[in-house]
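You will see chain A twice below: alongside chain B first, and alongside chain C after that.
Let's turn to the complex of A and B:
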């Protein structure tokens, strides 16, 4: 298994190289350059020209790419022109927010998904199952943006249960207990929004698994031996059906860390997704490049993690 | 050679007289619809919405409905303006009609184009196998690794002559992947079946086997996939336009209308500016999904309701 993991990680290297080249070329075509926002308007065009020449603005793309790779390998991904901060530091500030939000979303999503999935599978075609299946349809048809807006409208504007957006009120000092409590409070509504929508995958998977297992040989054997129905479900069916769910976690981590753009945007939540949109709008391409590469690597690592969990929980499957 | 080909197609396409024909896919879908109340209601609702939207949109012109009217800013719904006006004094009703039409057409275009590319690539990969398959799969793997939403946003903000066509092309760049994977997997399965082997032995050309013999056999699954994609693409278009990376600003879309809610004033006090569009996209996606599920059951004999 170690051999497979090493192989998969090694495949990542050429993929990231091609990706970085692709992104770099795209960024090269984008209008504007780092000097646009950096120099005060009093500087003469001649001096600007000189600076551009000095900074290598007119170098061919491969020279620029070489320089960029050299810096990136030393941990320098450039500087954000909008925030006047090194890119890594800027992303680091936002990464924590996105990470905690993703964690909470996942907890809600799996909590609801496992519960409803088991109920739906156990009581197939009963009213409870029908209601749950209907819920999955509604959630599948609900665009994330619309659901976020409706939640803000109902729970923040009308009922005042939750704040409208942001990640923390400015009145609290960093590091105190009320500060963390307020952060948590701000996270609940966006996490619920994401959790309620993303849970459908888990519900559908669990329901199908349980229904499949109901007629499998080992369940029929257990039943004919006289094992009580309750025990058949808890000991035989649920245990088998639940294990693969653990392996979804890898895909979900990547999906949530990257796919939270809509939710972070609507809730004005200062995470990486929102940073991406802001950076695109401000033509802050160093940040955009770094974020895209980060998310691509996360996607691949997430998939790998899922495959590894799968082989751990289910010895019948071996990565080939 | 010619003779052999004729013979083979005779064998494949005509059933011996006297035997009952298996029900066609359309008949199966019809039967499934009659048994599933939600799917039937969805079909009627969707047809009604599409007729209203397309007929209505035919009677309003985009430039007229996008004209600013300073005397009518933010009017609440009234007899004259059924759904009120927006911050520029524009009537909401024609914007809603045009927006729904544009959103649907774009999703339809993306689904169709992505489907065509996906079918072509998937058939080639699955049918030829070996090196062709290997090369195509590497490309698919690479594109799957890219953060799709981010890449679309980067491309949208980068294209110089940005318009509806380029928007469709950009989304299609990523939407064909799923279709290609599905078609490839199914073609691989079919390729090992006797009828394909027999047809090969008889000397039928690869193109004819792929498009006339394999494709019809997997078409029902493709239709299911495309239907469900249609709903997903509508959501994607709306979301992108909402963020400001979708349709150009002067082209109404449901996303633009939903975007009015990004201004707290509008969300709090002017529900008529964003709620109708939000509900419309939700209802349309819900109907398409219900229909898709009914078609899915019709395509899969295991799930079929008796």
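Let's turn to the complex of A and C:
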């Protein structure tokens, strides 16, 4: 298995190279640059031209790419033109926020998903199942932005249970207990919003699998041998039904770590998803490049993680 | 102004598909459909309302809103003011006047940093700032005198050496910001310093005690006093040995910046919020508030947040105003901005080698009557009234009422008059020869105008409405690439003189100094129309000349220039605007200083412990 993991990680290298090349080419075709439309009475066009030259915007793409690779190899991914900060420092500021929010969202999403999935599968066609299925359809149809806004309106404005946005209140000192408590408090509503929506996949998978296994041969056999129904469910059905859910976990982690653009946007939560969109619009190339590559690495690692999880939970599967 | 568009653009990309619902759910409970402009206008016409044709004078429209709050309730001791930083994106947090670029950072800077000079209602420097000044037209100098007792927030005295330091930073070869421009080059010795040929800027003469500074200029005209030179110092002792290249990213800019304004930074959550506390040694006196907290909030949430008392002060969007015209717990302040929207005509090319605009008499829209007809054909008042609810109004000229002394109030502007438009087109020889409803060129060829306009708030409705207006007078106008243009693509095409574009819609904010050379001059790359004329050149020269120190002469020339602009019509001014600020009823002594004129933040008081709900 270790061999496979090393191999997979090694494949990453050519993948990242090809990807970074592609990004550079595409960025070259994007209309405008970081200085487009910045002219105003205090900003003279001549100054912007000077900066374009200074920043090497007129160089051909392969020169830019060469320069970028050279710096990247030394651990310098460039500087954000909008934030005027080294890219790594900027992403570092945001990554923590996204990471914790992703973790909480996943916990909620899987917690609810597994619980409701089991109930729905076990009590198929009963009122509980029907209610859960109805919920999945509503959640499936609900745009994230709208659901977020409804939640803010109800829970922040009307009930005053949660703050309306942001990641932490400015009055707390970094590193103190109240600071972390407040961070957690700020995370609940966006995480709940995300969790309630992302959980549908888990519910539906689990429900379908359970229903399938209920009538499968080995379950019928077990039943005919007189194994108690409770044991059949926990031993035979549940463990098998959980497999596909587990296998998707890796992808989910990668997806969530990329940052949920909509939730971060509505909750004014400074994470990586929002940074990504803002940087594209601002033509903040250095940040865009770094983030795309980061997302790519996350996706590959997520897939790998999924495979590893599979081998752990299912002895039939062995990575060769 | 363009920042507004950036904001809108950012919002649009994300909310393109859901924008409508998003707004309605953010507390706009009415959920009603936006009637199209055409149907609403038609309904109005059918009702034969005679008032519809009247121009709403800008000043009258603006008079509806006060510019300061009146609150006679007894004030409480201290308290914390909660201010919304209305934005869809995180603020960048470049908290140094020499380096910041976006307007949110500018808002944050406004609470702890200030200019040495203060400016009066006409945007002219007065003697109420931390420094006073006198000037000598003959010697082409301004002399600054620093007041004693002005302190940086770390306790060190502010001297004019700190201003010299700001110049050294901005004019340095290592400087990568936007601030360095012609106004710096207008100071003696800056060119040499920027080129690395000199160690100091020879035009800045500092006295022994560092409390007097003489600034020597190359050209000296009245615009010098309208923010025509840099007056924001940065603390030399504080930045110490940090190089110009590293200054913007340093913690002294990002996390614990200092200024000499009324409040000092206490804590910053990057991209989200900033907490300020009162700076007790502020030179104008100890601020009345204990502190101020600025928090980023999305525009969609502003009305509900104001209603629920989450904020004391928030900019309010024109779109949301119609549903919250009479709030119970807060009031609106409003002021005409120094900005205008316009339709510009592409009439030439930028010659980068000679650094000037070259007018092309053979351009598609070179006939001035055609351009005027395009102006008269559009009912901008309908747009102002129905889509902006009277918060925008017909711009009669390109100088806004905020520059009242210079504005030519005799000009009526392009008031909607389709008959006049048709007459002008007939005179210019554009007639419908083949009877398809659209006019052909004087040579009888098919005539289509390509129009570039940006995506944004209401942009789609406005574009369709204007195209319809033009169609009514027989002009075939199509959108550039057949659709609204994204911000970056728009400016790339317009700045780059894409030959496919015949006309474009844009906005411009003149700032303190409305000198037309910046946007319409022969040597201005920002003059996207590329139009030049000798009349313009002559008048602009006089506006920027020594004679302009005579106020009456200057005002006369500005008026002449606007008349010439109206006649030659390289662009049609379309709308002026009011920016609304919502202020909670517990706030006292708050003045709308969105244009940064007076520093009065230290006087703000509160009359209740929490915002009133």
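Basically, the second predicted complex is superposed on the first by the 275 of 320 C-alpha atoms of A that agree within 3 Å, B and C clash if a C-alpha of one lies under 4 Å from a C-alpha of the other, contacts with A are read in each partner's own complex, and residues count from 1 in each chain.
By our rule, a contact is a pair of C-beta atoms (placed from the backbone, for glycine too) under 8 Å apart; a residue touches a chain by one contact, two chains touch by 3 or more.
Not measured: the values here are computed from a predicted model.
Peer 1: Tell me which partner A:24 touches in the superposition: chain B (first), chain C (second), both or neither.
Peer 2: A:24: touches no partner chain.
Peer 1: After superposition on the shared chain, which partner residues are touched by A:44: those of chain B (first), chain C (second), both, or neither?
Peer 2: second
Peer 1: Quick check on the superposed pair: does A:248 touch chain B, chain C, both, or neither? Answer first, second, both or neither.
Peer 2: Once the two structures are laid over each other on A, A:248 reaches no partner at all.
Peer 1: Taking the superposition on A as described, I'd like to know which of chain B and chain C A:83 touches: first, second, both or neither.
Peer 2: The second partner, chain C, only.
Peer 1: After the superposition on A, what does A:138 contact: first (chain B), second (chain C), both or neither?
Peer 2: In the superposed model, A:138 contacts chain B only, not chain C.
Peer 1: Under the stated touch criterion, which partner chain does A:162 make contact with: chain B (first), chain C (second), both, or neither?
Peer 2: A:162 contacts neither chain B nor chain C.
Peer 1: Does the superposition put A:291 against chain B (first), chain C (second), both, or neither?
Peer 2: first
Peer 1: Contact-wise, after the overlay, does A:153 reach chain B, chain C, both or neither (first, second, both, neither)?
Peer 2: In the superposition, A:153 touches chain B and chain C alike.
Peer 1: Contacts for A:278 in the overlay, against chain B (first) and chain C (second): which applies, first, second, both or neither?
Peer 2: A:278 contacts chain C only, not chain B.
Peer 1: Chain A residues in contact: does chain B have more, or chain C?
Peer 2: Result: the larger residue contact count on chain A belongs to C.
Peer 1: Which residues of chain A are in contact with chain B in one complex and with chain C in the other?
Peer 2: The overlap between the chain B and chain C interfaces on chain A comprises residues 30, 143, 145-146, 149-150, 152-153, 157, 164, 261-262, 265-266, 277, 281.
Peer 1: Touching chain B in the complex: which residues of chain A?
Peer 2: Going through chain A, the ones touching chain B are 15, 18-19, 23, 26, 29-30, 137-138, 140-146, 149-150, 152-153, 157, 164, 258-259, 261-262, 265-266, 276-277, 280-281, 288, 291-292, 295-296, 299-300.
Peer 1: So in the complex, which bits of chain C are touching chain A?
Peer 2: Listed in rising order, the residues of chain C that touch chain A are 1-2, 5-6, 9-10, 13-15, 17-18, 21-22, 25-27, 88-90, 92-94, 99, 101-102, 176, 178-182, 248-249, 254, 267-275, 293, 295-298, 300-301, 304-305, 308, 310, 355, 486-493, 495, 508-513, 518-519, 524-526.
Peer 1: What residues of chain B sit close enough to touch chain A in their complex?
Peer 2: For chain B paired with chain A, touching residues are 38, 142, 144-147, 149-151, 153-155, 157-158, 231, 234-235, 238-239, 242-245, 255, 258, 261-262, 264, 267-268, 271, 274, 278, 281-282, 285-286, 288-290, 293.
Peer 1: For the complex, give me every residue of chain A touching chain C.
Peer 2: Going by the criterion above, the answer is residues 30-33, 36-48, 51, 54-55, 79, 82-86, 89, 93-94, 143, 145-146, 149-150, 152-153, 157, 164-171, 173, 261-262, 265-266, 268, 270, 274-275, 277-278, 281-283.
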